[in-house]
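For reference, the structures are reproduced in the following blocks.
Shared chain: subunit A. Partners: subunit B in the first complex, subunit C in the second.
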Partner chain A sequence: MRDVVPFSPPAEVDFDAGTRPYWEALREGALSIQRCAHCHAFRTPPSRYCPHCRSTEDEWPRLSGRARLYTYTIVALDRRDAEGPVYVAGLACPEEAPDTKVFCNIVDCTLDQIVIDMPLELVATEAGTDAARFRPAPATAQGGR
Partner chain B sequence: MHTSAIVGIGATPYYRRGASLPQTPRDMACDAIMAAAADAGIPVTAIDGFAYFSNYGGGIETGGLMEALGIPEVGFSATTTGGGGGSAGAIGLAQAAIVNGDSRYVAVVQSLQQAKNRLGAAFARMPPTPENSFYRSAGVAAPGQFAAFIARRHIHKFGTRREAFAEVAISTRQNAVTNPAALMRDPLTLDDYFASPMLADPLCKLDFCLESDGAVAILLARADEARDMAQKPVYVAAAKHGGDRDWGRGFMWGNMPDESFSSSGMRSIARRLYAAAGMGPEDIDVALLYDHFTAFVVMQLEDFGFCPIGEGGPFVEQGAIRLAGGSIPVNPHGGNLSEAYIIGITHVAEAVRQIRGTAANQVKDAATALVTGGPGPMPLSALLLTA
Partner chain C sequence: MARNPLKDQVAVVGVGSTAYGRDQQRSLLSLGVEAALKAMADAGIDRRGIDGICGSGMSPLAVGNAGFLSVQGALGIEKVTWGKNGWLGSAFVFAVEAVFSGLCDTCLVVQSYRREVNMSRSAARDPFRLRASRFGETGGMGGRDFARRWLHSGEPYAAWMKRYMHDYGVGKDAFGLMAVNNRSHGARNPDAVIQRAITLDDYHASRMVWEPMQMLDMDIPVDGAEAFVITTAERARDLRQKPVTVHAMSLGGTRVGEFYENTLPWTENAFWVAMEGLWARSDLTRTDVDLFYPYDGYTIDAVAVVEAAGFCKPGEAGDYFRDCWDRRENILRLNGGRTLVTTGGGGLAHGRSGGSNLYAEAVRQLRGSQGERQARHADSALITIGSMYHDPSAVLLRAGERR
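Showing the complex of A and B:
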């Protein structure tokens, strides 16, 4: 079975005032998603207006890092190497914000472990890289879900 | 009752990516426009309006075409936003120009040359931005990877099999085999499909459309004038573009709610299209479905009501989209998958040929054709053409 690795080389990340809190949190090993301070709905991607109530007041709570896998694709790191390592790019729904989706890599697992709806936990990002990485979490970590 | 009609079509030969050099995209567009004018029986200088979609093709704009062809004056020049999702909708722009009295003959033009500009690598080529950093940081940088997210979700929710995607690739190729204009004319087997390299699992190379060069022009006029022109008129029964907020940026972003996520995003367009034309799926003789990825053909069949939601897989697997014996023949020209990918405008040209009765793979007595554009980011679009 092909090895699962993080996507590399890391993509250069650009951010602005509106998206900075997401990347700052990742660099500190945490997941944060924008939430409306008025109606408390989470939203992705970050935006000035809350699409539910049009409030411009927002907050960026640090989340547990627990999530479930919504969907994914498996891509060869080097397309010319049919036996080489792959990365798994996915969309993860954070436990506290299940209606939002986070682009991520699934790591620290084998391909046959990966199934939709599997529980995930955030991997603290290595120094110098910017990417949301999740690994399989024990089901008990999902609070009985 | 019809206000406008397609009165001329023209195209260059289709080329594999980069093989159209040293022609320019404008050269090819001019060839296609000249051919469309000749087909319609009008001088090219009579064209007085232009409509476009998707600026991803690049290289053509109204001023340059007017200069190159000696077109003296235009009263309309507009493009739908987004990408290939606007392809069928650009016919609606042309209709708007005609109904509004801005133009008498409107050319809808697409010219694509991917020598330097591969659409499949469009995101990877862009510099990092605050927005694309979200997906690029996960190694998501190609339309096919977003398409794979949606295909995987459809498989998960409905039990859709890769055999269904294979059937789209295989049946579409089978049509291309007998279309002399098609780029890919060797038949495909299921073994070929499963041997095809995975590019974005669950989508393999044969689930992806071609990378092609070429140009197509579609000429529209008032319906009452069309009756006296060179070709059998092909009337615009309805042309709609737009879409709903749930789809939003669609598969180029991936933030759709679950119901919308595992779809082509086309349900609201289908509803408005059918309402405007007073028709339904049962009235359609041939469907030209935008096939940048096989999985989206399956989902469009659901969203346009040819089968229930979630049953697109079994529907195609039982042969429903086959030219021979299918209940709704799909892409008899070979589609974006096997004829050529000119961002979807080839589907409009094929719908016209089908209704004229001049197609290489003619659906018998075809009188009503559906053409779709997308899914992509907003807008999505669709078109109903009738004899």
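Showing the complex of A and C:
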């Protein structure tokens, strides 16, 4: 079976002010997404105005890192090599914000383990990571969901 | 019903197309100017007869790209009373709005597209394209902040294919049959860049790109341009071509806009919004559509349009296409056999032009001027261009003058 590898890190990540807390949390091994400080609705991707109440005040709580896989795509590192390594890009719905979707990279698994709606957990990554990385969560971590 | 005061008040009176090719070694502007001159000649209108212009381009910096300013300058159109940039299906809609509202009387729409560096391996090696691309990154996908962005615009569409297949418990036949249909039409179109028909087996055997999306799910990047002349239905009476009348239009939009990870449920995506807006303004219904042009940048766009337009229920396009399949010609025939889909081959066979070739093909079919390729029933055409995520247009055109 084809190897599942992480995204290759980019030479540099273009921070902008709006996404810095997301990157900083990832570097500390945590998932953080934007929440409105006024009406407390989570939203992704980061934006200036809350679409529910238009507040510009936001907060970036650290989440559990548990999530559900909404959907994904499998991409070969080299399209001409049908047996070679692939990366998996997807959308994860965090446990605390199930209606939002976080762009992510699925790692630490084999391709046949990946199914839509599977439970995920955040993987702590080294500095310079390029997206939230998740792996399949053990069945016991599914809780009551 | 929603208000639709522009119903049958505006007409397409000229259409012009360049050849399509993988490497024409020409600028966007050169392609656009050629198409514009052909459309004006087709309409029998010279540059002094144009008082509005809508050019393609995602860049607000129109000069240097084929935006309206550079097209206007190159054509030597001294004065216009209205000008705007647009892309995908919206440029056409903007021009009709402008003519109907009186901001101009006769409007030129010009759309140029080029095989960009991110579209193919050989394009990426081309130093000219590489240089040109550095000056074009003022909009759309491509920011390097991955907190917001997929690596390529194809990935979110591939991921949506995966979710669609999961939610409805279906395989990829809907996508595959759409690809086969468009390639069959392309094989009959001497202007198509790809003229080889395919089978469903060919589709399934094609190279995987972003699983589950395959090579044959994607349009063919080319260099090419289309242009149209649009004026009032009243003025069209005195012009040389049989007019093609705009019956109803809609532009769809949802809050999630361009943010491709903010995926809405399938039946809430932007195509559903556009189609609801169109049917609320149209005297015609789905069963009155003779010719249907669902945007095929990716096959999942076309399948979404089919379902959003109400041809079948959500998730049922695969079964529906099998029921509608013409085995002899290897094409779709909807509405009990009458309705052809994407004559000309669209982006998957004729070439990628942001859907502008769908408008051009529809206009020529409604004129009855397509010769051997002419559809038997060609009184109305539904053209829906855009993305599941952002700015889809839905336009219903009718043959001749409607009074």
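In the analysis below, the second predicted complex is superposed on the first by the 141 of 145 C-alpha atoms of A that agree within 3 Å, B and C clash if a C-alpha of one lies under 4 Å from a C-alpha of the other, contacts with A are read in each partner's own complex, and residues count from 1 in each chain.
Here is the rule we use: contacts are C-beta pairs under 8 Å (C-beta built on N, C-alpha and C of every residue); 3 or more make two chains touch, one makes a residue touch a chain.
Note that the structure is predicted; figures quoted are calculated from it, not measured.
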Q. Once the shared chain is lined up, is A:73 touching subunit B (first), subunit C (second), both, or neither of them?
A. both
Q: Determine, under the contact definition given at the top, whether A:99 touches first (subunit B), second (subunit C), both, or neither.
A: first
Q. Regarding the shared-chain residue A:90, is it in contact with subunit B (first), subunit C (second), both, or neither?
A. both
Q | Contacts of A:19 with subunit B and subunit C, given as first, second, both or neither | A | both
(Q) Contacts for A:50 in the overlay, against subunit B (first) and subunit C (second): which applies, first, second, both or neither? (A) neither
Q) For subunit A, which residues belong to both interfaces, subunit B and subunit C? A) 7, 10, 12-16, 19, 22-23, 44-45, 51, 70-76, 79, 82, 89-91, 101, 103, 116, 130-131
Q. For the complex, which residues does subunit C have touching subunit A?
A. 143-151, 155, 158-160, 162-163, 166, 207-213, 255, 259, 261-263
Q.
Touching residues of subunit A toward subunit C in the complex: what are they?
A. 7, 10, 12-16, 19, 22-23, 44-46, 51, 70-76, 79, 82, 86, 89-91, 101-103, 116-117, 130-131
Q) Where on subunit B is subunit A touching in the complex? A) 127-131, 133-141, 145, 148-150, 152-153, 156, 197-203, 245, 253-255, 257, 261
Q) Can you list the residues on subunit A that touch subunit B in the complex? A) 7, 10-16, 18-19, 22-23, 44-45, 51, 70-76, 79, 82, 87, 89-91, 99-101, 103-105, 116, 130-132
